[in-house]
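Okay, so here's the structure we're looking at.
Chain IDs A, B, C, D, E and F follow the sequence of writing; residue 1 opens each chain.
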Amino acid sequence: MAKLKIFSGNTNPEFAKKVAFHAGVELGHCKFGRFADGEVQIEINESVRGTNTFVIQSTCPPVNESYMELFMILDALRRASANEISAVIPYYGYARQDRKVAPRAPISAKCIADLLKTAGANRLISVDLHSSQIQGFFDGPVDHLFAIPTFAREWRERIGAGDDYVAVSPDAGGVERVRAFAKRIGCSIAIIDKRRAGPNQVESVNLVGDVKGKVAIILDDMIDTAGTLTQAVDSLLKNNAKRVFAVATHPVLSGPAISRLKECGVEKVWVTDTVPLRPEAIACGKIEVISVAPVVAEAIKRINTHDSVSALFD
Amino acid sequence: MAKLKIFSGNTNPEFAKKVAFHAGVELGHCKFGRFADGEVQIEINESVRGTNTFVIQSTCPPVNESYMELFMILDALRRASANEISAVIPYYGYARQDRKVAPRAPISAKCIADLLKTAGANRLISVDLHSSQIQGFFDGPVDHLFAIPTFAREWRERIGAGDDYVAVSPDAGGVERVRAFAKRIGCSIAIIDKRRAGPNQVESVNLVGDVKGKVAIILDDMIDTAGTLTQAVDSLLKNNAKRVFAVATHPVLSGPAISRLKECGVEKVWVTDTVPLRPEAIACGKIEVISVAPVVAEAIKRINTHDSVSALFD
Amino acid sequence: MAKLKIFSGNTNPEFAKKVAFHAGVELGHCKFGRFADGEVQIEINESVRGTNTFVIQSTCPPVNESYMELFMILDALRRASANEISAVIPYYGYARQDRKVAPRAPISAKCIADLLKTAGANRLISVDLHSSQIQGFFDGPVDHLFAIPTFAREWRERIGAGDDYVAVSPDAGGVERVRAFAKRIGCSIAIIDKRRAGPNQVESVNLVGDVKGKVAIILDDMIDTAGTLTQAVDSLLKNNAKRVFAVATHPVLSGPAISRLKECGVEKVWVTDTVPLRPEAIACGKIEVISVAPVVAEAIKRINTHDSVSALFD
Amino acid sequence: MAKLKIFSGNTNPEFAKKVAFHAGVELGHCKFGRFADGEVQIEINESVRGTNTFVIQSTCPPVNESYMELFMILDALRRASANEISAVIPYYGYARQDRKVAPRAPISAKCIADLLKTAGANRLISVDLHSSQIQGFFDGPVDHLFAIPTFAREWRERIGAGDDYVAVSPDAGGVERVRAFAKRIGCSIAIIDKRRAGPNQVESVNLVGDVKGKVAIILDDMIDTAGTLTQAVDSLLKNNAKRVFAVATHPVLSGPAISRLKECGVEKVWVTDTVPLRPEAIACGKIEVISVAPVVAEAIKRINTHDSVSALFD
Amino acid sequence: MAKLKIFSGNTNPEFAKKVAFHAGVELGHCKFGRFADGEVQIEINESVRGTNTFVIQSTCPPVNESYMELFMILDALRRASANEISAVIPYYGYARQDRKVAPRAPISAKCIADLLKTAGANRLISVDLHSSQIQGFFDGPVDHLFAIPTFAREWRERIGAGDDYVAVSPDAGGVERVRAFAKRIGCSIAIIDKRRAGPNQVESVNLVGDVKGKVAIILDDMIDTAGTLTQAVDSLLKNNAKRVFAVATHPVLSGPAISRLKECGVEKVWVTDTVPLRPEAIACGKIEVISVAPVVAEAIKRINTHDSVSALFD
Amino acid sequence: MAKLKIFSGNTNPEFAKKVAFHAGVELGHCKFGRFADGEVQIEINESVRGTNTFVIQSTCPPVNESYMELFMILDALRRASANEISAVIPYYGYARQDRKVAPRAPISAKCIADLLKTAGANRLISVDLHSSQIQGFFDGPVDHLFAIPTFAREWRERIGAGDDYVAVSPDAGGVERVRAFAKRIGCSIAIIDKRRAGPNQVESVNLVGDVKGKVAIILDDMIDTAGTLTQAVDSLLKNNAKRVFAVATHPVLSGPAISRLKECGVEKVWVTDTVPLRPEAIACGKIEVISVAPVVAEAIKRINTHDSVSALFD
């Protein structure tokens, strides 16, 4: 069995520390900084020859800095004769660009997967990928971890289950995720169908499904600017939902996200710690974090001891 | 500009003939047979040096035979110095296995894409892929063609549009496709949410959305055994839909599909000719074919003359 | 030393069971079936992380089904983090297409080798490849096992050796194989030289070498339709061979093979169990099977313990 | 001959415009922006099928943003069926990390070259690479363009040549570049040899060669923080150089560069426009820009017409 | 149509000149020499951008020098932006090592094919490969040219055909080549079966087939040390062949070959000019050269104009 | 930990023996010879399955033979299932061709690195590469070992240090190497600047820096024809250096090198044993060899036990 080493990039060091703690190892000694002109500067202060190395780097904003730093770390480990190199990317940036959304668009999520491979990653570990097809983008084993089971278990234990609840997809693409949650809670589902009749016409927001008098839980893989989310909250309240909650794995929260969350009628937003929260996000009082560090740590341990990772989610 | 040649594999020769006709060329002279032991036997009876070659092979059942034949044709063309080789796969078999559906499952749709590349395909052309992320699986340009615009235009012209109709997704994964159709028809949407409470419990079929008194159009990318479809039809009628239609690009129609279609309450099923219909399918009287050969032919012509393919769908 | 696991595809499960038995392990728990539309369905019911995995799949008819099933199993194992994946293909289908036999023909045996590599095979193990150059087609280590030494030893022990025998090649391409056998038996050789003077002329069958009064043993790597073999038998008897036997590693026996064997003057046909015999083949009474499962099992054990495989044939 | 298209990334649009002007074409219609979360957003508003496409992107600071934007543009062009895609990188960021400078360091310049290839670049065009070995890092043709001949010609014409001048290398690695310039000016050379006796000791700056009473021209491929340069200027003046100039291709000018230039005794600094100057750099009055846009444009034209690029520098 | 350029390496410049003459072009201006330490020195004195380049290099002795020179030329052409680069290797050295002849042997012919591809060859053109499976070793199109039809036509025209002749294979591996010749001459075949009973026993040479009173023609792809050939000649004469000739494509003639030819009873040896003859070979008076330069030239022209090469041998 | 095996090619067997001795293992049993026609003949007489194999081959003249032999050994090891294969190339031939030195020149050092990878090398170990960027040419881990620290230590101990000495670069490209040595000796540096005013003019040799009355040590990575070296010696003596020594890692010594060394005013030349000395080189009396076999052996041991190699040079 090769020796296990965990290194942390710069985007989410708190998360990496927690993972290392739960995995029972110390974080590897390294310093990943920047030169005066912004180029990544790598210092790995211990030998990695023959080790199984895991680099934890969430590729949340600044997303491009995060990826370039990760590429350089991977290149350094590869040339330093590490045995197997796993890129642990709790939040996989660019995941929404997983298909050509317009003529001559890139498939950025695929391009990223190829760049990771080229830079030196042998394996990819990620949490709640925007679409599960992204697993097929990476040329090597992918260990895809899930937060939905954790969220659902917590919800059942702390809040409840059954017909009083309705799980809501804020758009047409996320219905499968909503269904997975609804099955565990034993509740019904609803979908928001936004549509614009023409170029200069107002967008209409239709709710498909019944939410009247129910506690609505909006589910998504991430919250970016929170525009989609707040529209969904408004629509649910307008349709007489009793209370509205949101559950989303990755709290990217860019631009106006936090002020929108504060102002809209959502009671509480459950997220994980794949993306670090800025102080104002913590201060807004509506966000609750459920850590996935233990599940990532357990997966790393099992990968290193050749035990089943899928058994984690049985 | 390199010379254009079109060859046809064995699965859907009628379709290939139509495409060649619309593209204004004759099909290339070839014979793709089998030896006594079942191995593919290739005879390409004209030089392909320096040509842009398009091989049309729908990978419908017998799907494994179809793919192996295609691999051998691609290998032959590659070694015969064809300039660019495009695999034209109107129906892309194995597309539903586009992610790991279980622990230790293959991602067959990705594996197929890699095998196509290895065998010699430089480009992939396909119609209504089960998920658009499959575009990212193939390492080369992909021209993804759509039947939905054709279906919607025909529906508006021949049947109607607006609030009398409702577009229905038979499962949680296909809601985006339904939305694309619904927008063009100007109608609302509904979703079938099938669920099984436990291992030995009956499956419950819930309808999310309102269909009462409406003409329901079930949309899917394909009809395989028609099990999902007939459940949806039953549910819609039980919920007082006025009439029920189905629109699906690829009529795979395996096993009990045709008898199910005959027995269930669907009035008409619109499909394309990406998969050839067996005589009993034609005989059942409920199936209407709208050809996508003209759109495939137009795409081939544009690829060869370096004109925009996306402009086809503006 | 990594843990050893052996899985069996669907084409020759009896052979796989024997190999596992001789290797001293149980076959891995798995089920490789088909969906309604014919697509391969994979269920691997135990973890393979970090194991050295051997997949046994003879690619006899239905050859295309056999290969596609194998590709999908390899893809599944690769994504499931198996350490080293060996494709054990006792009979390597498409081996006769190992060069361009006509203009614009594929080199199918090479294409297959590339597809195996792409799908996930790190190593190839096979028995009596049609030509030994196929070893060079696969980009990775190849362990090529031989049945000729086993056949020759059995022949010497059970029947005899020396000048009473003559080893016969049924065509010009197999003379080296015949020579290898003849050396071990200490007998002379003869060759069948079939030729057709022109497009519409009768084929003449000439025998080069002396067989009069001798026991003739026709040697080939495989028997497909048995056409070549029965012609050779007739020619040998016409040239006053005393008795005629045949020895061939792979009993593919397609089309009219069995009825031809029954009707022609061959006394006995020795084959191995790389290809399973159909009931009518067993019933015909002329076929005797000498198992190569022990030699395949021994090779697998040595590969796993890093012992010499070539030493097996010293 | 394929059609020529030039696109510009965001780092140096003025330079791209000049190149397009000199190449006699219009810049391609596109918009490369950012989403709210910082992900690159690509809009290419014209077909690029079958064209020879050149993407101009200097990878100056913000260097990581520049590269990620370039990768996504390359991926988009590749999937949009461009014929040949050339990455035109006037200033190649990360070039100084062209070897392992410490144990477990990356070779970032090589990693970048591999990422460019993976993202879709078929060809690389660059100006005055930090070391010419970087040409060997990219797996494809590289057209390496030079500013030294232009600088030397301008110097001879506007200032002079011969023994009154001395060309100075500010460190041990750049002596070949200095020699190339000195040969064209017909002057002698000198080298700055900085050294630190131990960890806590002051750095000593030794001048090797004779500069007394001469006009010294410090040559370098780039000016980053200008620390090395100002040390060289001080040393030259202390050793009684009459006047001190500097010539450097890439004006990266990060951190304290501009204030250092202002304060030190250099009279004038000649640079090119591979990196755009910030307003304060222009305002400092010591910097003079000699454009290499004409030479880049001429190279692009010759590449497209298959004429010799090396002949440009004869 | 891209411009055609032909360059010649150092091993067989006379042959290259003839090919260029027949192809109607001048040889490209270049000089491929050696530095003092033996490293290959490349000077290509004309632009090759966008051209279809053919490098003619027979890899006869000094075989290792020949290949290394060829690799460097290919690398130079690739980096100089040639469009398509064809390695024209009339005699493919290392072809006999086309399979593992012993445990832990290389498959040198495959290794060479991979090195050619890596160095920059897109296409391989060769004459009478030792085994036709070598076509499958090269990852790209291979144009395999044949001398047998030329030899047979010359033989019929100048000497005769029919039952007075017998075509003889000097070993078990070359019977197919002999058969191809015999069919064209309308004569019978014979095989030499050499065998050694044990490690210290004399080799016995058996002749299979009838040669008494006939004109025997020994056929082989090459003559190396001529040991096999002279043994065959002796055996044929001992078995009362009337006269003995030899026909072999590649006159490698190493070590004692020429003195052996002189001393043995062969009347005449027909060879081609794929390998240049040393003066003593010409002087021995038994060797007659039939040029394949016209057929190589014709193939090159057809490749460049996208015409069928296989049609050359119909 | 995999078993360690060391094999030696033919170019420097004495060195390989020393390395094996210091590594505490016996050289592997093998014989790498030549066939009559010059093709490499490989015999590896022991199993290498699963071992970590190191092949020691200095690629000194005959450089092309050396590389081809190495490629074939690598291919053999790869096919024989060695676990990891390291090419140990103490002197890396073709290293000076590490960039395009002229239009249409190859980058031979990169081409070689790619060929090594293709032939089967997973890792490269070398001593004092001509330029450290070559590390980036090989696609895999590179362990770059240094002789300069050994040379400097020996010099300090046996001769002295400080201002009485001056380290001299014989050309503009080697100044960094000279600086590394000078720092350890605590001496100043000087550079030879050779220049030719025009095509038919005499080359002038200028000395930059002060050598008067000092002991000059010319440093270079190699001595080839010794032309550059003797020019430097003459120039140093003309400029009144007290004594002149030379230190160079690789004693290639081709053509007139030895007679030049004998005749010029250099007192002593220190070299390593990466290249074997011919008898006349030993006889000339000016050459002293300092072995790097211990450092290569130590590196191999550390690689096999996964210990830090860089720590060797701290």
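Basically, contacts are C-beta pairs under 8 Å (C-beta built on N, C-alpha and C of every residue); 3 or more make two chains touch, one makes a residue touch a chain.
This is a predicted model, so every value here is computed, not measured.
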Counting one step for each move to a touching chain, how far apart are subunit D and subunit F?
1
Which chains make contact with subunit B and with subunit F at once?
A, C, D, E
Please name the chain that ends up farthest from subunit A once chain centres are defined by their CA atoms averaged.
E
Contact-pair overlap exceeding half with B-E, pair selected from B-D, B-C or D-F
B-D
Tell me, please, which chain's centre (mean of its C-alpha atoms) is farthest from the centre of subunit B?
F
In whole angstrom, what separates the CA-based centres of subunit A and subunit B?
32
Could you tell me the distance, in whole angstrom, between the mean C-alpha positions of subunit C and subunit D?
62
At what distance in angstrom does the C-alpha mean of subunit D lie from that of subunit A?
39
In subunit C, the residues touching two or more other chains are 47, 79-80, 100, 103-104, 107, 110, 135, 142, 308, 311
Pairwise touch list, complete, is A-B, A-C, A-D, A-F, B-C, B-D, B-E, C-E, C-F, D-E, D-F, E-F
For subunit B, which residues are in contact with subunit D within the complex?
123, 135, 141-142, 302-303, 306-309, 311
For a test of understanding, state which residues of subunit A touch subunit F in their complex under the given definition.
47, 49-51, 78-81
Please output the residues of subunit F touching subunit D within their complex, sorted ascending.
98-100, 103-104, 107, 109-110, 131-137, 144, 169, 172-173, 175-176, 178-179, 182-183, 186, 188-191, 193, 195, 197, 206, 208-210, 308, 310-311
Which residues, counting only subunit B, touch subunit C once they are in their complex?
35-40, 42-44, 47-48, 60-65, 67-69, 71-73, 75-77, 79-80, 93-94, 96-97, 100, 102-108, 110-111, 114-115, 117-119, 224-225, 252, 254-255
